[in-house]
Amino acid sequence: MAELPVDVDEMVVRALREDLGAAGDVTSVAVVAPGSTCRAHVEAREDGVVSGLPVMERVFLAVDPSLEVGILHEDGAALASGAVLARVSGSARSILTAERTALNFLTHLSGIASLTRRFVDACAGTESVVLCTRKTLPGLRSLERYAVECGGARLHRFGLFDGVLIKDNHVALAGGVGQAVRLARRNAPHTLRVEVEVESIDQLEEALAKGDAILLDNAELDTVKRAVDLVGDRIPLEVSGGVTLERIGEIAGAGRLLISVGRITHSAPALDIALEIE
Amino acid sequence: MAELPVDVDEMVVRALREDLGAAGDVTSVAVVAPGSTCRAHVEAREDGVVSGLPVMERVFLAVDPSLEVGILHEDGAALASGAVLARVSGSARSILTAERTALNFLTHLSGIASLTRRFVDACAGTESVVLCTRKTLPGLRSLERYAVECGGARLHRFGLFDGVLIKDNHVALAGGVGQAVRLARRNAPHTLRVEVEVESIDQLEEALAKGDAILLDNAELDTVKRAVDLVGDRIPLEVSGGVTLERIGEIAGAGRLLISVGRITHSAPALDIALEIE
Amino acid sequence: MAELPVDVDEMVVRALREDLGAAGDVTSVAVVAPGSTCRAHVEAREDGVVSGLPVMERVFLAVDPSLEVGILHEDGAALASGAVLARVSGSARSILTAERTALNFLTHLSGIASLTRRFVDACAGTESVVLCTRKTLPGLRSLERYAVECGGARLHRFGLFDGVLIKDNHVALAGGVGQAVRLARRNAPHTLRVEVEVESIDQLEEALAKGDAILLDNAELDTVKRAVDLVGDRIPLEVSGGVTLERIGEIAGAGRLLISVGRITHSAPALDIALEIE
Amino acid sequence: MAELPVDVDEMVVRALREDLGAAGDVTSVAVVAPGSTCRAHVEAREDGVVSGLPVMERVFLAVDPSLEVGILHEDGAALASGAVLARVSGSARSILTAERTALNFLTHLSGIASLTRRFVDACAGTESVVLCTRKTLPGLRSLERYAVECGGARLHRFGLFDGVLIKDNHVALAGGVGQAVRLARRNAPHTLRVEVEVESIDQLEEALAKGDAILLDNAELDTVKRAVDLVGDRIPLEVSGGVTLERIGEIAGAGRLLISVGRITHSAPALDIALEIE
Amino acid sequence: MAELPVDVDEMVVRALREDLGAAGDVTSVAVVAPGSTCRAHVEAREDGVVSGLPVMERVFLAVDPSLEVGILHEDGAALASGAVLARVSGSARSILTAERTALNFLTHLSGIASLTRRFVDACAGTESVVLCTRKTLPGLRSLERYAVECGGARLHRFGLFDGVLIKDNHVALAGGVGQAVRLARRNAPHTLRVEVEVESIDQLEEALAKGDAILLDNAELDTVKRAVDLVGDRIPLEVSGGVTLERIGEIAGAGRLLISVGRITHSAPALDIALEIE
Amino acid sequence: MAELPVDVDEMVVRALREDLGAAGDVTSVAVVAPGSTCRAHVEAREDGVVSGLPVMERVFLAVDPSLEVGILHEDGAALASGAVLARVSGSARSILTAERTALNFLTHLSGIASLTRRFVDACAGTESVVLCTRKTLPGLRSLERYAVECGGARLHRFGLFDGVLIKDNHVALAGGVGQAVRLARRNAPHTLRVEVEVESIDQLEEALAKGDAILLDNAELDTVKRAVDLVGDRIPLEVSGGVTLERIGEIAGAGRLLISVGRITHSAPALDIALEIE
C-alpha cells in the first residue's frame, strides 16, 4: 500500500558503503571460496509488524544481482515470532556480505512499524488517526515514514516545505495570530494549509477564526474535549505532546482527531529479526 | 575525548536537505521578517548523558554562519533534567529553520550515550568493558559510534573491512576452524586480528589454539566463566548475545571481557531535549 | 524580499563546470598574465526588471574569492537601459573566466523578472495576483521561482510534493470528484490543500462542495466571471490556460483570482545585459 | 543525426528530483490506485521542429521502466500543429508523475530547434551557416546544443576549454593582437585554432595576418562584405552581434560566413506540446 | 582470484568523464557514421603479467553496452609480447571513443602486476612474502591493490583505518613504546593488531614484549637476520625500506618475513599494450 | 606559471577519503593526545624537479585548516637531494594523518616533472618542444598535465573533446583522408584544428593538402626529416611513437617539431621525498 521512497536506492548504497568501505568484506573474501553457494532464511524472533522487506531485497541485489530473494510476506503484516519472512540463495560470500546491512534496515523499519501499530490499535474504534512527525532520524526520514504507513498511521508534512505550521514563536515574531496567518496566506503557496499551533482554548478560538487547521499542543484531556466541541468538522484538529500508549486511547476517544506521535520514529526499538544460513 | 567523524558535515547537509527540500522553510520565510532576531536555549527535559552538541552547532551554522552558538557542556557529561546545554542567538528565521534538524541529531545521539552509560555503569568495578556493534542505523554509523564513546563504551570494528570475524557460517564454508583461520591469515592483511566466533567450550578450545581473539556468542553465565578460565590473558575474549541491563553486571564480573551490546545503537530511545525561544 | 534558493551554490558550480570543463579557460590562461587586474561594470542594454545580481556575485566569487563585487541595485528593481548594475574588480583572468556564466544567470533571471512584471502590472488595480507554474526549465526551478518573485508574482506549489492538485485524469481514474477528494484527504498530509481542476461550471459546483481550492482551466471570460460569483471568498479560485498579456487584464478584473501563467518561466526572452571592461 | 549528450541521464534525474522532492507525487499516490493503467499521446499544439523525444522517453523510463513509450518522429522533423509525436502506456500513476518533467524538456528543446530552424531557413541558398553560442541556460548547455543541431545549425566551441577566442580585452591585456596570438600559440594546445575578435577592418587586417580564424562582432553589412573580400577562403570568418531573423538573410548572402546567434538558445520560447490521456 | 574493488565502476565513469568531458569524442562523432562497425583486438607489446582486463571491459561497456568484449586471459597470467588479450567488436565510434581510457587502466595495472611479479619471483623458494604499501597513486588505491594481488603479492592495510601502526613519531608523542601500545589497545578496536615500527634491535626487543607485530624499517641484512632470530614465529615481522629487486632475494632468504615494497605501486612503468583495429 | 587544475580540491578530498575511510586514522587518534603539536619538514631525497607543493598544502589544510604550511620553493624548481621543500607545524595528529596522502601527490607529480624535464633538456638548443599525451593515469589527468608543465613541456589536447585528431582508423571508416577532413570541418566546431595522423610520406602529402596539422607516428629519423622539409612552417607537425630519452635529441634537431611523449605521464617513477618530524 505504502510506496517505497524515491531515494531508497541511495540509502541502500550509502549503508553498504558504510559497512564495506573500500576494502570490502575481508573475512568472507579471505575465507569463503568465490563459487560457494548457500541458502538462508530471514526469521522473526519476536512478534511484530514487518516493514522493509523490499529494502532488504535491494540490499542483497545491490551486493550481488545474481542472488535469488523470495519475499514471503507483505510489508505491514503482523507476524508472530518464528515466522519466516524471506528466503535468499546464491553466492555465500554475497549473502554474508549483505546480511548485516540488510538486517539493519529491516529491524529498524519493523521496529517502527510495530510500535506504530500499537498506537494505531490503541485508537481502534475511535474516529482519530495517528500521524508521524518530523522527529525522525537524520537521513532516514523517507524510509521511516514508509514504516509508519506500514504500521497503519498517516503522514504529516514531510518537512518544512510541504505545510505551513505557525508555532508560538512565529506568532510572537509576526505580531499576533492574525498577522501571522495573513502573512502566510500572502507569501506561502495557496496549495498549503495554514495550520496554527495553540496551547489554550483562548488561542484556539483566535486560530479557528483565521487558520485552516489547528495543532493543540501539550493539552490536558479536558482541553482536548473542549477543543473538539469548538472546532467540530470545520477544520482539521491535531493534538500532540506527551502522547503515550497509556494516554492515546482516551485522547483518541475525545473526537475526530489527528494525533501526532514523535516516539514512533525517534524511539522505536528494533524488532528482533535474524538471518539463518541453512 | 571522542572525535567527531570525518563525514559529519555530509550528514548535516543531508539532514537539512531532507527537512528543507528545495522549497525551504515556507512558514518562517512567509511569516518572520528577514531581519528579526531572537535568543534561544537548548534544555534537557530528562536526566541523561549528552552527545552531539558540536553536531547541533554545525546544523545551526550550516543554515546560517552568522548565528552565535554557545555550547555549555562537553559531550559525555551526565546532566540532570533542566540543564541548559547551549545557547543560540541571531536570525529568528535561521534558528526556527534549523531547530528540528539540530534536535533530531542531539536527541538521538544523547539517547545512545545515555543508554550506553547505563550499560557501562553496570560494569563498574569489574575488568570488563562494553563495546558497540555493527547493528547501527543505516547511514548514521560513524555518529552513533561517536555517541557510544560519549557514553563511555569502546569501539568494535567499524565495518566489514577493519576486522576479521570468522562466524559459524564461515567455518562451515571453509571446512573447519583451522582451515578458516589459515585462509584468513593468508588472504587478509596481517594488520587485522583473526577473531573466531564460538558457541561452546569445545569450539572455544579449537579457536583458542588457532585464532587471535574469540567471540563467545549466546552463552550462559557458566560457559562464560569457563571461557574466562580457559582463555585467561592470552587473547581478547568477547561475549555477545542477549546482553541486557539486567544481565550485564554478572557477565562483566566473570572476568576481563569485551561485552558487545547491539541495543545501545539499534534500540536507544531519544533523550528528551528541547529548544526554547526566549 | 525573495530568498535565494538553498541550492544556488550547486547551480553556480554546475554552470561553471559546464563552461570550464577540466581544462579551464584556455584563452585567458594562455594570453593574460596571472597578475593582471582590471575593472568592469555590468550594464543593462534594455529596460527591464533585474534579478540574479547576488547569483552573479556568487559566480565571480566561486571563480575567485578575491574579486571585489559591488552590487548597485536590489533584485526586483525596474531599471532603464544604460543602468549600471554592478562593478567588479580584481584579477583580469578571473573576471574574463567568470563573465559568460555570470551573465547567463543574470540575463535569464532578469528576463523572467521583466516578463513577470509586465503580467503583474497588467493586473494593477485589480484584486487578482499572478502565479508561476511548474513549467520551468529543467534544473533551474528554484532560481526561476526566485526571479518570478522579483518580478512581483507569487509562488504556486514548488513541485508534485507540496500541493494536491486533482486534474481531470485523476478524477477519471479515481471514479469521480467526490471519491478523488476523499482519497486525497485520507492519504495525503492534512497540511496540503486539496485543489480540484475543472473546466466547466458544472464541474466547479461539485468541486466547490468537496475541495479546498479550485483551478479553472481554459475558461472563457464569462465562465470565469460566473465562477467568481459562485466561489466568492469561500476557497481560493485559480485560473489558468492561454493567459496572454493581452487577455490577463480583463481576467484579473473579474474578481479575486490567482492567475497562473506558464510563459513567464518557459518562454521569457533573456534581458540584454553586458559586462564592460573599463 | 545529432548525438544525445553524455550527461543526459543526470539532467533527467536532476529534473525529476526537482519536481518530486523526497515526498513524491502526493496527488497521484493518494488518488490513483497502484495498478491503474492508461494510454496517452503527446501532441504538438503549434507548428515547429521537434527536439527532445528521446529525452522525454528517458524521463518516463526513469520514473517507471515498465512504461511503454513509442516515439513516432525523429528529432529534427518539422511538424504541424496536431501531429502526434509519441505514445505512452502503462501505469497511470507513473505517467501522471512523469508528465510535467517530460514536457518541460520537450517543449524547451523543441522551442530552440524551431527558432533555430527559422534562422537556418533564412540562410537557405547562401554559403553561410548558423552557429550557436555559449549564451545557454545554466546547466542545460549540452542539451541545448543538441536542440540547435536538431534545428539544423552547427556547433561553436562548447565552453572556454575547446577553443581559443581572443577578445578585445585579451588583446588589451596582452599588449596587442600580435602578442596575444603569440602567447596563445605558445601556451594553448596546438589542437585549438586561435580565433581573434575584431570590430573593424583595420583590426581584421592585423588578425588576418596572425590568427587562424576571425570573429567580426557588431559590424554593419558593408563591413561584413569588405571582410569577406579580404578573408576569402584563407581562414574561417565568423560574424556575430545583433543577428535577428530580419537581418540574417542579407548577412548570410554576403559570403561564406559562420553566423553565431545567441538568441536561439537564450531567448527561444517553448513550443506548445501537450500530453493527452486517452 | 583477486576481487575487483567495489568502487571500480566509479573509477571507470570518472576516467571516461575526464577524457570525454561534456562535449564527447568530437572526432569520431564528426567523421565516423553512427552505424559503422569494426572489430579490434588488444595485444601485448612486451612480456609481462596482465591485470585489468575486466576493468577494460567495463570501460567499453560503459561507453556502449552493445559492444561485444571477449576476454582471452585471466588477470594474473604471464604473457609474452604478441599475445592477444581480448577482442572487441561493435560500433566503431564506441570502440574508438573508449580505446584510450580502456588502455590507460590496462597498461597501468599490468605495469604494476608485472613489476610485482618480479619482486615475488625474486622471493621464490623462501618463506617470505611481498606486501604492497599505502604509497599508491591518489584515487587509484583499490585498483592498484588488485593489480598487486594479480602480481602475486599480498595486501597490507588499505589505509589508516584498518591497522594500527605505531611509528617512531607516535612513540615519541605518546612517551615510549609501552605507553603507545597501551593507548592503542585501549582506544583502537581490538580487531586490529598493534604493529610497532622499529629501526634497531634494542627497539625491537621492547616492541616484541608489547606489540602484536613488528615493522623493521631501513635495516641492514644483518639486523634483519638478528630480528628473525629474536622474533621467531611469535608475531609477524615486516621489513621495509629501500627494498630493490637486487636486494629482495637475500632479505627474503633471511626468514619468514613480510616484505613491503613501495615501488611496485608508486613507480611501476606502464606495460606496453595496444588496441588494433582489424 | 602553470595553473592548478579546477578540480584539485576534489582530488584531494577523494585521496583523503581513500586513506581515512570513515573510521579515520585509528593509530594517531588512539595514541596521540588531541592537543599535541609538532613541527615537520618535507625534504627531497634525490635530485629532481618539484611539482605539487600547493597540492600537498591543500592536503594538510583539508585535514586541518589550523596547520601552518610554509612552501619554500616554486613548483618547477630543480632541486638537489636534501633540499627542504616545505615546513609544516601544528597538531601532531593532523600532520601524521595527512602525511602519506600529501606525499603520494607530491612524489608522483614531482616524478612526472623530473622525467619531463629530462626530455625537455634533451631538446635544448633545438626548435622542438615536448608535449604530453592522453596516456595519463585514470582520474589524475589534470594534475599530471600540471606536472608536465612544471617540467617544462607543453600541453596537447586535454581529451577527446578539445581537438580533432583523425587517425588511420578514422580515415578507413570515413573513406579516405579527404572525406574524413571534410566531415570533420563540417561537423566539428571550427575552433578545433583538424590534425591528421600519418605513417608515411605519401600519406603526409595528402594530409598536408587537407588538414590543419599533422601527426607523424612511428617514423624513422629520415622520414621525420623529409616531413620537416615538406611541411615547413605551413602547419604544425607533431611526431610521436617510441620517443625515448636516447632518441629525442636527434628527432628534436630535425626541425621545428611538436614531440609527444607518453612515458612522461604513464611511466614516471616517483621522486623520493620524505616528511621528517623534528
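Order of writing sets the chain letters: A, B, C, D, E and F. Residues in each chain are counted from 1.
Here, a residue touches a chain if its C-beta (ideal position, glycine included) is under 8 Å from a C-beta of that chain, and two chains touch if they have at least 3 such contacts.
All values derive from a computational prediction rather than experimental measurement.
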- Item | Chains touching both chain A and chain D | B, C, E, F
- Message: Relative to chain B, which chain's C-alpha centre is the most remote?
- Response: D
- Message: Quick check for the class: compute each chain's Cα centroid; which one is farthest from the centroid of chain F?
- Response: A
- Note on the structure: By C-beta contact count, B-F versus A-F, the higher one is B-F
- Message: Taking the mean of the C-alpha atoms as each chain's centre, how many Å separate chain D from chain F?
- Response: 34
- Note on the structure: Between chain B and chain D, the Cα-mean centres are separated in Å by 53
- Message: Using mean CA coordinates as chain centres, what's the gap between chain B and chain C in Å?
- Response: 45
- Message: Residues touching two or more other chains, restricted to chain F: which are they?
- Response: 18, 20-24, 26, 29, 141-142, 158-159, 161-165, 186-189, 192
- Complex contact set, residues of chain D against chain E: 3, 5-7, 141-142, 158-159, 161-162
- Query: Which part of chain A faces chain C closely enough to touch in the complex?
  - Reply: 154-158, 161-165, 186-193, 195, 212-213, 236, 238, 258
- Query: Touching chain D in the complex: which residues of chain C?
  - Reply: 11-12, 14-15, 18-33, 36, 38, 92, 96-97, 100-101, 103-105, 107-108, 111, 134-142, 158-167, 169-170, 172-174, 180, 183-184, 186-189, 192, 262-263, 266-267, 269-270, 277
- Note on the structure: In the complex, chain A touches chain E at residues 17, 20-24, 26, 29, 34
- Spell out the residues on chain A that touch chain F in their complex, using ranges where they run on. 18, 21-23
